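The data blocks that follow each hold one structure.
Each of the two complexes below includes subunit A, the first together with subunit B, the second together with subunit C.
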Partner chain A sequence: MSTMTENRRRSTTEIEESTSAWRKRLTSDGAARVAALLSFFVLWLVVSAVFGRVPGPVEVVVRLVEEFARGEVFGNFASTLYRFGVGVALATVVGIAVGVMMGLSQLSRAFFESPVLVGLSIPAIIWSFLTVMWFGFGDMSPIVTTFLTAVPFVIINVAQGVRGVSRDLRDMSSTYNVPLSRRVRDLVLPAVTGYVAAGVRFAVIIGWNGVLLAEWFGGSGGVGYRARFWYDANRYGGFAAWVVLFVGFIVLLDRFVLDRAIRRAFRWRDA
Partner chain B sequence: MTDQLVGAATAPRPDRDQDERAARRTAKMRRYRRLGVLTAGWIAMVLVWELGSWWFGSRLLPRPHEVLLEAVEIIESGNFVTDFTASVLKTFAGFAVAAGVGAPVGYLMGRFRYWQAFFHDGVTIAGTIPAIVYAVMSLIVFGLSNLGPILAVALVSAPYVALNVAEGIRGVDKQLITMSEAFGRSPAQIRREVLIPTIIPFVFAAIRMCFAVAWKVEALTEVFGGRNGVGFQIRTEYQLYDIAGVLAWMFLFIAFMLVIERLVLAKAEARLLAWRPEERSAAL
Partner chain C sequence: MAVLTVNHLAKTFNIGTPRASRVLDDISFEVRGQTFVSIVGPSGCGKSTLLNIISGVEEHTSGDIRLTSDDGKPARMGYVFQDPRLLPWRSVMRNMMYVQDDQSETTVARAKRYLDMVGLSKNADFYPGQLSGGMQQRVGIARAFAVEPDLLLMDEPFSHLDAITARGLRAQLQDIWAQSKKTVVFVTHDVVEAVELSDRIIVLQPGGRIYEDITIDLPRPRRQSDPTVATLQAEVLARLEQMKEMSQLAEPVA
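On to the complex of A and B.
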């Protein structure tokens, strides 16, 4: 009886010892990542073979190099980044201000509730249509579109964070006469920064979509304009090259700046 | 003795009544005040809108009542029904594809370490790609057809479904699985009776979470290249520089989608998960 169960259930060390080295290497996380990359490329090749309009990897790389050689990359990227940066910064400042108000008082929450809800549900495409008509072809329409699409997300996140500040700790610190500066520094800020960071991350992802849309319809330079240029020319390779460029940029930004900042801000809670 | 009892029973009564009445009055006052502030929020929004249309001129930003009249006209003309049903059907078809692809991927991710490492990067990157990319990409793949919006919705929703299902699988009660194994249940039985019922709420939570994003992407794809649907109508109105028409279609669509979310999705979820009320509230 005991031998049977031993046969059926081996201990983890026994399993560990019995698997061969090459098998361990093949099933490791690194190998899995390499396999994922490879299968992505194979999938891409298959899709571009099946659908004639989808550009293959080689064509995209060629177009990318051409675009760099033409000197179109840095200028357009810089103008998009400027618009995007101003829009997201504005959204962060306004979002924190309104979010703190909504978190602290019941009445201001009731007041801002419906505007924020409506703002959340208006698609970015509508804002880009409207702002292009209002402000013409310039920096203004992408900035305003980015701001308007991103700000409700920041507000919601910040309001949630402020409401999450423990009431017990607030009562206790007022009972023990903790000075206000310390109360803000040690109680409110740690509880809120993580939510602010999460809100900014949302704002970055949503706002990037907004800036691209406004540039797509606005036509005054920038990443979205350039991507549209190739799309309208029926040269989908050029479009895909720009997609690779800005998706790579946003993934790097998300992974190495925002994700790290969020983990730092939530360190006290997750530890 | 009886006097005392009667006295004890009656003496606190008026007091408690009064307290109760006072409490009810404050609650009522608070409710009225909240309602007042809520309407103040709506009024402020309309005022900002009026101010904007005065500033930009009513051609660039039509006034609220003009948009309202336009919306009434669209409803009366009756051609919103076909476009709305087309858009909604495409959205739900996209969800079906997303659930069909995302749930198995999420299952693998939650169950096996290898597949977790395999899919993790791709799924997180897919979640950060802007919606416009999905919209244009599906147009490049399918051209002007109804399959484009469906693909776009599926591409946007599938990562959320996968991540949520993976989370759900990891949260499955390990003791339940151990017990099923101890009682000699087969893996297929465990999958059917333990794992799948556990992940259904997570699939629903994912779909409700990305519903708001999904219908926007659906409309966006139709704006870029649809042959029917709400996005197509919005583009037509925009090309005619009829901003009132654009806004009217948008607000009708928002209202319609909110109704769908509240009625269809919430009802379907409540019905499917009626047997486990506490998990349902936790999963939301």
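On to the complex of A and C.
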């Protein structure tokens, strides 16, 4: 009799454990992300079924495969990545230098504050028009657009980070006469890393917009140019295929590169 | 052996403005090597300001401070703050090494030795966030001793800790000090703590003047349970209460 009761108790515990494991899985961050993707996919199916001018997922995949078959994808993507990479790299270097100056010196802050605010308020589309007028068709226009769109975000984040370096830790370093190089390496840079990472993350996302717009309006190749090619041809399936490609790229870049880099920079906080 | 000489030191905040306030006034004393000196006094009497001026973090308004060492080299200072002030993104060992002059093997061994003395050798690779408040403060103490300072400044290092942890750390501090015999200037508002730890107690009164300089001539190690320590603690506390009453009487009536 007592064995039966024990067995029943054990099986009840097992059921409770398995239910709680499932509940945990269903309420996890991963499940929320999958749910968001599925919701978007269902919405896409519904919208494409209702509106004839919105290409559905199947048509988009077919067009994408065709673009791969034509050999258009890798070359255009490589051109865009090169322009994007150079623009973001320049924005990061210049942004960190100006941001550190703004963070350390009141005079630099007074000098750069207004130009940075103006830079933040000008949208990528305006920069793309201007750079096409200044530099014409070619690599220069998308690179400069990416740079100009991204750099204010890096500057503003880095400046905030430098200003936020703990006064207590700076005083401690002064008391112990810690050499400047060690202070920069062990105090300032780690304190600013999170802000730099956040700034670069913004810069990457906003710079990606910039490069695509510049290619759209003034490119002779690249992802933006190719999307416009299909748009002008009134072939929305081809256009949507490129949209899916560059949105997918930025999502993967953010999730698997930038997000992980930020987590790595802050692993001391989660320890 | 280092000698700290403070001569007619004064400090006024917001000087030249209507909000000007003098926090230290005509402070003079000398601390010779291997002495543990406590500075006590009520809140706002300028104890921490005095320590910050000695360390060079703050400027003084007038007077003179000199710290000389026997060997003629620039005197080295260590500082234990009220809070541990550790770099949160560096391990305990990296924090210990951050303040060292050189990064040689001898220095690493010394840092490890002091970490061992405070009972944290097993936590060398931990981040500060993985340690309790008391453990972090022990790292701060080990860090200060590990630079082998000519003068060690301590600013109410146990004030943020619970009574039991603070008592344990005070005992540990006495042991380390007995082994290293550094010159220490220790700021506290706790008279009991001051009597337990010090060779000398300098009492500051409101307005930032020295009220009394008391010599504590008791054998070490001292424990609060020792009746002679308790008697002296009561005696010093009575003198402080007397000072407080006199200060209140001296205050102008509005």
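The rule we apply is simple: the second predicted complex is superposed on the first by the 229 of 271 C-alpha atoms of A that agree within 3 Å, B and C clash if a C-alpha of one lies under 4 Å from a C-alpha of the other, contacts with A are read in each partner's own complex, and residues count from 1 in each chain.
Note that a contact is a pair of C-beta atoms (placed from the backbone, for glycine too) under 8 Å apart; a residue touches a chain by one contact, two chains touch by 3 or more.
Treat the numbers as computed from the prediction; the structure is a model and nothing was measured.
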Which of subunit B and subunit C A:Val251 touches, first, second, both or neither: first
Subunit B versus subunit C as contact partner of A:Val42, first or second or both or neither: neither
Dominant toucher of subunit A (residue count), subunit B or subunit C: B
Which of subunit B and subunit C A:Asp186 touches, first, second, both or neither: second
Subunit B versus subunit C as contact partner of A:Val58, first or second or both or neither: neither
Contacts of A:Ser174 with subunit B and subunit C, given as first, second, both or neither: second
First (subunit B), second (subunit C), both or neither touched by A:Trp216: first
First, second, both or neither for A:Ile205, with subunit B first and subunit C second: first
Interface residues of subunit A shared between complexes with subunit B and subunit C: none
Complex interface listing, subunit A residues touching subunit B: 27, 29-30, 32-33, 35-36, 40, 47, 51, 53-54, 106-107, 110-115, 118, 120-126, 129-130, 133-134, 205, 208-209, 212-213, 216, 224, 227, 231, 236, 239, 243, 247, 250-251, 254
Residues of subunit B touching subunit A in the complex: 33-34, 37-38, 40-42, 44-45, 56, 60-61, 113-115, 117-119, 121-122, 125, 128-133, 136-137, 140-141, 143, 212, 216, 219-220, 223, 234, 238, 243, 246-247, 250, 254, 257-258
Of all residues in subunit A, those that touch subunit C in their complex: 168-169, 171-176, 178, 182, 186-187, 190-191, 268-269, 271
Subunit C to subunit A touching residues, read off their complex: 55-57, 77-79, 81, 83, 85, 87-90, 94, 98-99, 126-127, 129-130, 147, 153
